[in-house]
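Presented below are the structures under discussion, each in the form of structure tokens.
Consider the two complexes below, in which chain A is the common component and chain B and chain C are the respective partners.
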Partner chain A sequence: MEEKQKKERIGVYICHCGGNISDYVDVAQIRDLAKNEEGVIISKNVMFACADSNQKEMIRDIEDEKLDAIVVASCSPKLHLHTFRNVALRGGINPYNYTQVNIREQCSWAHSDTPGEASIKAAGLIRAGIKKVSFSEALENIEVSSTRAVVIIGAGVSGMRAAIDLAKMGNQVYLIEKEKAIGGNVAKWKELFITGQKGNTIIEALSKQIRELTNITLFTGATIEKVTGSIGNFIAEVNIGDEKLNLKSGAILVTTGFDSYLPTEGEFGYKNNPAVITLPEFKGLIDNSHETLLYNNRKVNSIAYIYCVGMRQTKGENKYCSRVCCTTAIQSSLTVHEKFKDIQAYHLYRDIRTYGKQEILYERSSKNGDIYLKFDEKAPPVVEPIGNKLLVKVKDELTKRRELELETDLVVLVTGLVPRSDSKQISALLKIPVGNDGFFNEIHPKLRPVETVINGVFIGGSCQGPKNISESVQSSLSAAVKINALTKNPTIFLEPIVARINFDACVWCGKCAEVCEYDAIHPLEMYGKTVASVNEAVCKGCGMCAPVCPADAIDMAQYSNNEIEGMIDGFMEKVELVAEAGDKLQDGGEEGIAMKDMPLIWRQLAGCLQGDSKSIPDLAKELGLDSELVTYNLMTMNKYSLVEADKLDDSDEYFSYKLKNIPHVQN
Partner chain B sequence: MSRIDPEFASEIKKYGAKDFSACFNCGNCTAVCGLTDKSVNFPRIFLRSGILGLKDDILQSREIWLCYACGECSETCPRQAGPGDYMAALRRYAIASYEPTGLTKLIFKSNPVFILFTIFLSVMLGFFLFTLKPDHEVSRWLFTVIPYAVIHNMGLVIFSITGISMAWGLITMYLKLSKTVVKSEPGKSNFVNAWREVVKELGTMNRYQTCDKEDDSYWKNKPAAIQPWFVHWSIMWGFLGLLLATVLDFILKDPATAIWWPSRILGTVAGLLLVYGTSLSITYRFKKVTKTYRETRLADWMFLLFLWVAGITGFWLEISVAFGANYLLNHIVLLIHTIISMELVLLFGFSKFAHAIYRPLALFFYFRESQQKN
Partner chain C sequence: MEKTPTRPKILVFSTDKISDPGIDQAGLRKIHYSPAVYVISLPCSSGIKPRWILHALKHGFDGVFIAADGHECSYSPRCPELTNRIIEESQQMMKENNINPKRIRMAAICSVCAEPFANHMNNFTKILAELE
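Now for the complex of A and B:
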């Protein structure tokens, strides 16, 4: 913050993006404007700024012209921020003395209809970028020392598998399980799809490996009471019976798994009728029955499965699809078919989602003669007792929505996966956010799927959302690799974009700590007074604290007051571009298009519009064309400035159009 | 509210449908079918009826009779549920259900029963034929066992039963199909128009030609004369022509009339058509030229073979009578010809042949309804 000196040798590079930008934005004129800005030494147009040749040229410029900051006006920083930070570094200037201006997504692409204005906006943004970079400070990455140990919460299949890999990669692993037995849900299941292995066998195998690895410490019947510290140096307080332990770790992996949805009383007759059971209960029944399937001492001859129970509610709480239940139900049905013979299965479903290889199960089940009936969410099946049996009424979407009824001995409610009841506690403990569905949230579902917004805290398995075993293990192993990449170095480097406190101005009112979502700000005794202090390893640089500070004692690195104000000033300053005759800025269009080159329909439309302006319905009627076709072509002609909207017609419903840039029309 | 009957699917399977339970309702079959339009929609919805056991839906349907079994749907089915074969099975099921004696059920469901019954019928017919020559050795023996009057009356009874069963079947079908008719506005009866359309279809096989076009990769550049619709047309009109010629001959009471006699000319032309059609059909089925001919049930083979043999033996007789060939051989051929022809007539209402009476009725309902919708 001491370095308030403005940059004096700035290089500006304006990218054509091979026409993506230069087709709409007058890059040449903007280059000349930028050159006149204070502190700018070089302003250049480049065909592709990201090209290797240009990167080398930039490095040469930095060295030859002794540049102290650079601005690249090209695409979104999401694409190339790191590319050019690297260029700056290689050229010998601090990577944070670099600013990227997005004139492709924000100018040429967004305003392709009005190139003149796109150019003005681009010029403003570039000027703002130059101002920002001129106030920029050189920043160094934050260094944090790290412990080569990992705490894994939950010893289900995901946690166990990740523990083994992390241990093999050389980490000390603390595997913490709340229950007395390990293995979670998988340990309860019998045959699993594809391999046909039993759930228990898988857990046994993992358990054996864990016992053999000396750097895994397994705690069962253990709960986490408190977690302090931050990335590299977490301290987890664990309760094991009467004993309390403090475990120090560099990262935390959460693999707490899921709960099965429990239907409410009366949902499809659940709890009111003993012959209505949930899928997990039914699986238990299959496993414990031999030769004949008996329920309450009566032979079961038919089973009706009702799918999506408690799931995919458009108006209810659980809007998501649990993914695994279709497969589980169908696999159970196949098991029943094999094990007990001659049991008729009815599947009352909304959509069957046996995705991927699981589709085979669905086909096999249909071929066995299982009957599939599709109901709509708005008309769910009705279950009524009839004598010793149950009568299920359903409106079948596949049979012209006919009301059908069937008699069955047993109704199985195919329930989905819901967040664990204790996931709120875990979320509070680690400050990791949960989504609307109640499952833990990752940073980005596609690109950063196992990291949370809390540095050093990772999620794996079905605590993140419904997953089958393969997917759970995939995600927890992915987290294991990410964790190892973090802990394998004794020092962790973090981005320096964090909040900084001016200790002279700070009077510790505590407002900043209140708004901080990451718990990064704590009071500190310093020079005889209390001031706010920021844990740089925890701060995400979100900027929530800066505006609430009454003493204006908080500044964000890379977004200091000077930089922000400079950007505003730069953008507000009026941009004047010279519009030359025939220039694309003049009429906002392309070069004139010869009348003979126009499509026939354009010539017809132009012919109709001679003299008088007309609305789309009138034009469509006159030419005997579809009004959609007329609309589409008029819009395109409008884009090329051949026609323009004139006025609303008498009914105030339609705009009429008139000719703009066509002087005369030959028919 | 209809009750689902899961047992029904296995019943339909006995009529020759295989894996139709595999259907997952994608509707590809309906989409590719060239014969579905605004008013009719098949085959998917009928797979549904079979799977759920909605018998009445099947027995009340015109749609199953509109299908000419081009096989395109089976080809397109992603689950190999064989909707085309399934439709054929439904037709067998419907024939068996409309007809009151239960004989068709036996014939369709079991090949051994079918073969035994055919042989039994041939022997019986053989004996009956001898009764037409009362002075023959076999006849004299026969009359010692059963009196002539009994045999004569038995013949009458059997033919009556056949006739009544067919009429019963037609009426049953008419009543079933009438149940789902939407009442038309008074004074807007399309009765005559609808029948005109039926006759036009039987004459031109326009809808069947649509099916062949669907299968265009094979039939596209082939002459019309060898396309399936024409083969079917030849068999149908060949048989009807021969039936008419026989009846005319019977009325004229002189089977040996000169060859230029109109009924004889009709017989010759019709016979040629029949032999032509059946020969081609047998060849196609034997070579399995397209998917239509891939699946041939025993009943189909027997039916085609009977028609072919009846035609061939007919010509043999015509030629040998003209050239005065071997007397005994002629009599054996005549015996075979007559037995097979009689068997075809007797089994008319109890075999695949029955579609010849049910399909026009279904077409009538279809045309009447599609006219109303337009």
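Now for the complex of A and C:
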């Protein structure tokens, strides 16, 4: 890589975080050390770097001192990286010429037991931050145009529901279904819990809405052959019978659903004994029987349900709980009692998970006289034929593992949900990662639950993991809203953290393209030779390609050799700190704060309070500030013994504040 | 200021989406570990260049620890394999430079792995102290 111009006018801001940092780290000494670093023009201590008043001061500094880069040493970048990138932008410097140094979570808090060493570490961290920023490059967000259309794969309840909302929000929707009929699993189900509606009634209602919306195009019996392009401009090649279509879309929503677990031959006698059936098969049997429950032309008088079949296997493949099977089994049992008379039900369970409102079903079932027997995973029930019937032996955990023998006419294996058999193909088409459980993976289960690492590809419903109908629809609708937020803009901005190729060094060996999961690297003819080129809209910025390059011709933006090795050097330089000064700060911190270091708002408040105590509303009025902002700042000033509460004001509603430890105020 | 004990210096490469939050949580919960631990965060452990590891070990760090995402990596299921390859390559380079291969370690650190991270740091500190 060519030698970049180093930054020459760097501003460093070291945050007290109201004592969270300054109680343990000698911020004043570190500020002075930072001032001596190459390229640093300003080094300041600030009470709260994130406070609005300080942000404004930083912007002023950028303008007045013509700063070309900034470093804020405060909390984790998780909290304020974007806050300060914005400050940089507002001040007129590139947001990527800003570095956040974490001296709270990874220093003052982690090493509050050794404040002296915490100070040394903080000095090293800040110096590394300065080195990193001095090598930083200005980066521009990558701009891509976007098509206001969405491809939804899978027309089950999740996909259908999301299609309707996306269409209503103004998107052209292409709803693609592999089967001839739409509605997926839900269409096959009868009464559903809580509403009592039938599955196909729900699907019909959705289907009617879809037909009425002119901007939804539904393709049935259709399969996706290939997906090219990237966020904003995907092209999905769809096969419908003999016809081939290329659909252009800005985003893709995957709502492919699940498969039911199919027991292996011999698992609790499955396939070896015809009277052992799975829960979905049993539901079909209930639906098709009238007045008496017949199985193979014999009346069923007793049923044993075996729970968690194929699920929650400590040693097996499916370690997860399928969430919906307990409820489904118990509801089926209730339906059996309603529809047919005198059937005894035994529920052989490991744990019952009828969470939320579904607990009502469990209670109702217990009151019905259903018998619940708890078994241990290590001692599963054994199913044996006995004449025309089945003998189920179970060791009941709640009666000291006494072995019970139950004679039943039917054994229902309560099977759960597994990833669809074609999910691997879908994953390969779209390059979305699958988890250990085989379901599609989101970026973050709590904070980004419907996005995948592939920009513009979203997941909804039970293709992500076992979900009931409500949960499936919740997730697909949330994906719909996220998608619309993306497609409604004709231009999409992407983070510029991508791989960059040094064309001089590159000799195209193809190793980078080989490891790239996203197919972002392709050969390109340039300067009379073949070199690697990166599709910036597809590159995820993971950096996987960089270490495999034999010529070291790949650098990640923000993580170049200069930046990383500069940081390492910054950590290592020796730090000399003078004793004592830091210790004073540790009891309250008031000693270390000079008036000139205070945020502007504090100086203004102190100015107003000269001579007279004043209430919060009065101060807010006088300074033309929001009263909450005044309260917040007075509270922290109070913590630092700069002000104190005086007396209640005339209305008896607010305390007045007066100055405490400020000798004089500079203007 | 108290007299600073000499502690082995450890450079940690962590990942900004998964292991960083775990390390941050150790701080939040005031779970202490050696203050001679310095963290550089990257998008993914499979993007660490062996030359950085060598640079650190040659310029004063006593050990390098890779806080990887393991199978949780959202970029690629091949992440553990590729990260392993980076470690192997680094150890080869370390060998050529007479650096003990024990000075590099890796473990998966998840987004809530505060205690495991602190334990790894304490163990590694001990191991490195014995290598002196």
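Please note the rule applied: the second predicted complex is superposed on the first by the 575 of 667 C-alpha atoms of A that agree within 3 Å, B and C clash if a C-alpha of one lies under 4 Å from a C-alpha of the other, contacts with A are read in each partner's own complex, and residues count from 1 in each chain.
Assume a residue touches a chain if its C-beta (ideal position, glycine included) is under 8 Å from a C-beta of that chain, and two chains touch if they have at least 3 such contacts.
Every value quoted in this text rests on a predicted model; they were computed, and no experiment measured them.
**Q** Name the contact category of A:197: first (chain B only), second (chain C only), both, or neither.
**A** In the superposed model, A:197 contacts neither chain B nor chain C.
**Q** Determine, for the superposed model, which of the two partners chain B and chain C contacts more residues of chain A.
**A** C
**Q** Identify the partner contact of A:556: answer first if only chain B is touched, second if only chain C is, both if each is, neither if none is.
**A** Only chain C is touched by A:556; chain B is not.
**Q** Just checking: does A:344 make contact with chain B only, chain C only, both, or neither of them? Give me first, second, both or neither.
**A** First partner only.
**Q** Please work out whether A:444 is in contact with chain B alone, chain C alone, both, or neither, and reply first, second, both or neither.
**A** After superposing on A, A:444 lies in contact with chain C but is clear of chain B.
**Q** Just to be sure I read the superposition right, which of the two partners does A:372 touch: chain B = first, chain C = second, or both, or neither?
**A** In the superposition, A:372 contacts chain B only.
**Q** In the superposed arrangement, does A:362 touch chain B (first), chain C (second), both or neither?
**A** The answer is first: A:362 touches chain B but not chain C.
**Q** Have a look at where A:399 lands relative to chain B and chain C in the superposition and call it first, second, both or neither.
**A** First partner only.
**Q** Can you check the complex and tell me which residues of chain C touch chain A?
**A** Within the complex, chain C touches chain A at residues 1-2, 4, 7, 9, 11, 16-17, 20-21, 23-28, 30-33, 35-36, 38-44, 46-52, 55-56, 59-61, 71, 74-79, 82, 86, 89.
**Q** Under the touch definition given earlier, write down the residues of chain A that touch chain B in their complex.
**A** Residue list for chain A touching chain B: 302, 344, 346, 352, 362-363, 366-374, 393, 396, 398-400, 402-407.
**Q** Hey, which residues of chain B end up touching chain A in the complex?
**A** Residues 1-4, 6, 9-10, 19, 21-25, 45, 48-49, 51-52, 54, 79 of chain B touch chain A in their complex.
**Q** With touch defined as at the start, can you tell me which chain A residues reach chain C in the complex?
**A** Touch residues, chain A against chain C: 26, 76-78, 102, 104-121, 124-125, 128, 433-434, 436, 441, 443-444, 453, 497, 515, 517, 540-544, 546-548, 552, 556, 559, 561, 564-565, 567-569, 571-572, 577-580, 582-583.
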